[in-house]
Structure formats: structure tokens, C-alpha cells
Amino acid sequence: MDQAVFLFEILLPALMQGLIVTLQLIACSAPFGLALGIAVAVGRQYGHPVISWLCKTYVFLIKGTPLLLLLFILYFGLPSIGITFTAFVASVVGFILCNGAYNAEYIRGALISIKEGQMVAAQALGMTRWQAIRNVILPQALCRAIPGLSNEFIYLIKYSSLAYMITVIELSGAGKLVATKYFTYTESFAAVGIVYLVLVSITTIAVTILEKRVAVPGTARATPAAQL
Amino acid sequence: MNDNDIVLRVEDIHKSFGETEVLRGVSFDVRRGETKVFIGPSGTGKSTLLRCINQLTPPDHGRVWLDGEEVTNSGARINYFRQKIGMVFQNFFLFDHLTAVKNVELALLKVRGMGKAEAREKALTELRQVGLEDWADHYPAELSGGQAQRVSIARALAMDPDVILFDEPTSALDPELTREVLEVMKKLARNGMTMLVVTHEMGFACSVANEVLFMENGVVAEQGSPDLLLHDPRFTRMKDFIGRIDSRMDD
Amino acid sequence: MDVLPILIDWLPYLLSGVASTLGLVLAALGLGVLFGLPMALGQVYGARPIRWAVGIYVWFFRGLPILVLLFLFWFGIFPAIGLGHLSAFVVGAVVLGLRGAAYQSQIFRGAVQSVGEGQMIAARSLGMSRLTAIRSVILPQAMRIALPGWSNEYPNILTDSAVCYAIGVVELLTITSRMVTQTHITMPVYLATAGIFIVLNYGGLKLLHRLEARIAIPGFGTGAM
């Protein structure tokens, strides 16, 4: 078959379909993953000892387990105790749990780095602890956590590919199907790779712009001068 | 004077960093056993001058000879010359991952290719010279500033250099620790080591220097023996400068 | 519940899965250092073309999902260049290693760059060549600085090794899958495997922390000059 025909009439349409699914997975997971991360980080740092322990354990368990295994548990395991998710939902739940755990770590690190004085000053003005957290500490922490959070977001883009392993036909799954049907392995996967590289690169650039926009004047981080 | 006595010849050194010309033509000779001290306001290129001599900072213009051989434009041979030109830095730059004795013997092992036993013995000898034999197995982080600087002098001495360059060796030290380092340097000078010292320590300059060179605006503005400079009414700028240092120290 | 006897029956297979997984991890870490370190040195001390080439390599191997890399190499690249006979384990180890090298090169690069400039100056002033200075002064310090960050690669590679399931490598997740399909016991088996991964993860980290403590030098790593 003609290369051009293959490319434009078979591979690209299939990949575009898969890309849409990938974007849907990401769109569904990212916001909740961020929210979960914030909740867990705040719960761990400022919550009741039991809540704090729960948050700590949750992160511990998720970080210690492969995401793929988590997906298997959610999709293949849960039905045996009565909870059945569709493949898409199972994937999203898994991604939220994973993304949330790593986000929580980054945010927690940022919370810790905020000086004690901020809380003290806020309370001196009459704010309750929770008001101080919401209006003074958290905004600053989220700002500082942007590099870490965006790093995690890029990981999310990449590990969304694992949804294929529980039968969701997202980008890499679409590529594999075309590859196995037409024996065009290298070409198909190279194309898939290019799409991911583009996604990741765009995100990286967008994040750099975001970081600059959001930076508080005078708080430039001292990064070692890279020669690149 | 016998020319064979000249260990180091520096001729017309120029160096610019970007737009600023830091050295504008510095020339001098150093004879064997001499101690020359460079003083002057900060930023006049004294440290840069020392680094131009051993080519850590290559000069834009000018030449340097060590014992008659040209050091500038020597390509890979510069490593050979650096063995014979010792250097002691303001911030010591001791190798943090090595004990004192290993700091001193590293170059002996890797550059001179000495055997382990021989290198170890020589290293300990040099540490003894600076009075730090008992601290041989301590790491730089465990040493006081004065001790660290003395180790760094031992490290330079171990290579049996023809000349040692001291770049503000005591500027980073507390006053109490400065003395122990200056004592070692005085001892070296008395024993005939050829030394170039950039410093603010006027007491040291007067007691040990054969010649004091006052640098200003990238050139050697005034030079002469310590006695001459202090007492001859012609050397006004240098005396002004010294006066200013002294009054700062009295505060 | 007669799960326990079945689990015990399968124990040898699970353990062989663990061995496989650990094999993948060690290969990845080893290849990561083997290729990552020279790449880092190339980026810090090398000429422009080298820095460029390393930059592209890192961008490629960090930008692609591990799943896509595995598919690409297993189905596509290796057969195309005549290496189609390699076992899935080897391919998995190589891919994990190449990817690990990309990540680790950046860790090493950061560490080398954070060794104080004065160290190189002092070394050169004693007459050492650049190479000798890098080998005897910079690297010993950089490797110690890099160790904590490098240790964090271990959990990442461990969890990534499970993705090798996708190309048929018989590691722990694969064995678990087989066990589930053959014994029809799902949750207990999955949870047991999760437990094994967690133990491997944190146990390994503990060992690495012990190693860090062992080779620590007094006062080191706190702003070397």
C-alpha cells in the first residue's frame, strides 16, 4: 500500500481518534487529581492526627504500587467485590489516585517551605487557622509547587497510555491496533511517539510561560547556571 | 644582577573582562628567594594578575617566563608549568572529599606519578612544615579556616614549586586565625621560597617583603622596598592607601 | 477461604517474578549510570554538538511514555535492525536502561554542576589535566551529591518495570495476572502483589539510605567550595 495513503487515510485518522480519548482521560483526571492533591497535602499538614495519618498512608500506598497494578485492581479486581467500573472510569479513577498522591507530595513540600511567620501574621490579624491556610498559605504554596505539579501533569499525559492495558483505545492503543493490522510497527509507533512529544513539548512551554506570569517579583529561585 | 637568578618574568600583561580593562600593562621580574607583595584597592586586578601568571585566566596580551621558558602560549605544557608554580587561594579550595593528607598527596600521585608510600611520606612532611601533622586524617569541614589554609599551603609546597602565588590568603580568615597563616608564610620566606603575595596585611609586607608593588588602575603605580615606600615622601598614593587601611583596622 | 494454600502453591512463581523484576531494575539502574554519567559529563564539559545530541536524547526518552517506548522497540526498532531474536526481558531491560540514562544524566549533571568551581580551579592550579581533575576531584564529590536524587530513581524504575508486562516480560505483574486468570482469585492476589511491590520499594529505599550514610563524609554536601 502506498505510504501516503496509509498515513493519511488510515494511521492519522485512527491516531486522532485515539488522541481525543487521551485528551478526555487527561481532562477528566487532572482537575480532580489536583484537588485531591491539595486536600491530602492540607489534611496531612494541618488536619486532625487521624486524618493526617490517613493522608500519609494513602500517599505511601500509591507511591509504592505500580500504576498498572492499580488499574488492574480497579478494573479486574473490584468487580469481584461488587464494584464495576467501565474501562474509562477505572482509568480515570486510577489516574486521579496516582496524580493526587504525587501532587500531594509536591504541595506538602511547598507548604512546609512557607515560613511560620505567615501563619502567625495571619492569625494576628484575626484569621482562623483555616482562613489563614486558604487565603495566605495555600496560594503561596501552590505558586511554589508549580514546577512539581506541572512535572506531574506531564507524567499524567504519559501514563494515560496505560489505559490501553485495560482496554481503553486511547492514543497508543490506536497506534498499536493499526500497527498489528497492517504490520507497520515502526511507522505507527513512531507517529504515536511524535504526537506525545508534541503534547509534552507544548505543555512544557506553556508551563514555563505560566511560571513566569505567576512569579512574585523578587522571589527568583536560584537555579544553578545551566550551560545548555 | 645575574639574569640566571630571575625565576619569573612577567611582561606587559593586559586583561579585559568585557568592556573593563582590568590589567593595563604590568611587567616585573622576580628573583629566586624574593618575596614580592602586591597591595592596592580592591578590583585593581591583583588577583587577576596572579591568575594570568599560571594561565588560569589567560591574558589578552603579554608574556610570562618561568626559569627562561615561556609559560604563555605553551598549549598542553601548561600543566607542567603549573606544577612549578604553586598557588594558594583566598577560599582555600581544599578538596572536600579528601582528608588533609590526601589533599596534599593527590597531585603527587596523579600528576607527578609518585608511588603511594613516597607520596604519603612527602605529604606528611609538608604537613609537619605547616604544623598540622596531627590533623592529617581530618576532613576540610573539620578544620578551622587557619588550619585549612595551612593545609592548602602544604598542598602547594608538596609540588616543590619554583614560586608560590598567594592570592589574599588571609582575607577570608578571622583575625585570630590570620596570624597562624602569616607565621607559616614568614617561615617560608625566611627559608628562601620565592613568593608573590597579594594581601592587605601591611605588617606582613613590611617585615618580609623584598619589594612592595602598589597597584592602581590596572598598572603598578609605585614600587620599592618596604623601608623606602614608608619613609620616602615621594610615594604618596601608596601611603594614602596604607593610611586608609590602618585607620579601618583601628576601628 | 482457601486462598492461602493456593497462594503458597504459587509462591515459587511469585518469587521468580520478583527476581525478574529486580533483574530489570538492576539492569536499568546499571545502564542508567553507564550511559547517564558520560552524557552528563558531555553536557557539562563537552562541545556544542555533544550538548545538543544529549539534549535531544533526553528529550526523546523523557517525552515518550514507557509503554510507547516498549512497543516501539519491541515491535518496531529491534526487529527492523535485525535484533528481533532478543528476549522480551532483554528488550525491557534495555528500554528501561536507555530511559533511565536520560533521567539519571540530568541528576548527574546537576550534581557535577553543583560542585564548587574552586575545586576545578585548585586541581588545575596543581597541574592536573582536565580529565584527571574530573576523575579525581569532581566526580568523587558529584557522585556523593547525586546519591539522594539517584536513589529516587529506584522507585520510579521499579514501578515502570511493571509496564514490561505489555511486551510479555515474565516479571511480577505478569505472574500475578496469570495467577488471577488461572486461580480465579482476584483481589487477594492483586493486594498481595501490591504488598510485595511496596516491600520491594521501601525496602530498597532503606538500603539506599543506609548506603548514603555509609559513604557520607563529615561536613560534606553542605555547600562545598
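We call the chains A, B and C, going by the order they appear; numbering starts again at 1 in every chain.
The working rule: a contact is a pair of C-beta atoms (placed from the backbone, for glycine too) under 8 Å apart; a residue touches a chain by one contact, two chains touch by 3 or more.
Values in this document were obtained by computation on a predicted structure and should not be read as measured data.
**Student:** In graph terms, with chains as vertices and touches as edges, which category applies: line, ring, star, complete, or other?
**Tutor:** Graph shape, chains as nodes and touching pairs as edges: a line.
**Student:** Please work out which of A-C and B-C is bridged by more C-beta pairs in contact, and write that pair.
**Tutor:** A-C
**Student:** Roughly how far is subunit A from subunit B, going centre to centre by Cα mean, in whole Å?
**Tutor:** Each chain's C-alpha centroid was found; their separation is 56 Å.
**Student:** What is the distance, in whole Å, between the centres of subunit A and subunit C, each centre taken as the mean of its C-alpha atoms?
**Tutor:** 21
**Student:** Calculate how many whole Å lie between the centre of subunit B and the centre of subunit C, each centre taken as the average of the chain's C-alpha atoms.
**Tutor:** The answer is 46 Å.
**Student:** Can you list the subunit B residues in contact with two or more other chains?
**Tutor:** Residues: none.
**Student:** Okay, in this complex, where on subunit B does subunit C touch?
**Tutor:** 54, 56, 76, 79-83, 85-87, 89, 91-97, 106-107, 110-111, 139-142, 152, 155-156, 159
**Student:** Would you pull the subunit C residues touching subunit B in the complex into a rising list?
**Tutor:** Touch residues, subunit C against subunit B: 116, 118-119, 121-129, 132, 136-137, 140-141, 144, 217-220, 222, 224-225.
**Student:** In their shared complex, at which residues does subunit A touch subunit C?
**Tutor:** Contacts found on subunit A: 60-61, 63-70, 72-73, 76-81, 158-162, 164-165, 172, 175-176, 179, 185-190, 192-193, 196-197, 200-201, 224-228.
**Student:** Any idea which subunit C residues touch subunit A in the complex?
**Tutor:** 43-44, 51, 55, 59-60, 63-69, 71-72, 75-77, 79-80, 110, 113-114, 155, 158-163, 165-166, 173, 176-177, 180, 186-187, 190-191, 193-194, 197-198, 201-202
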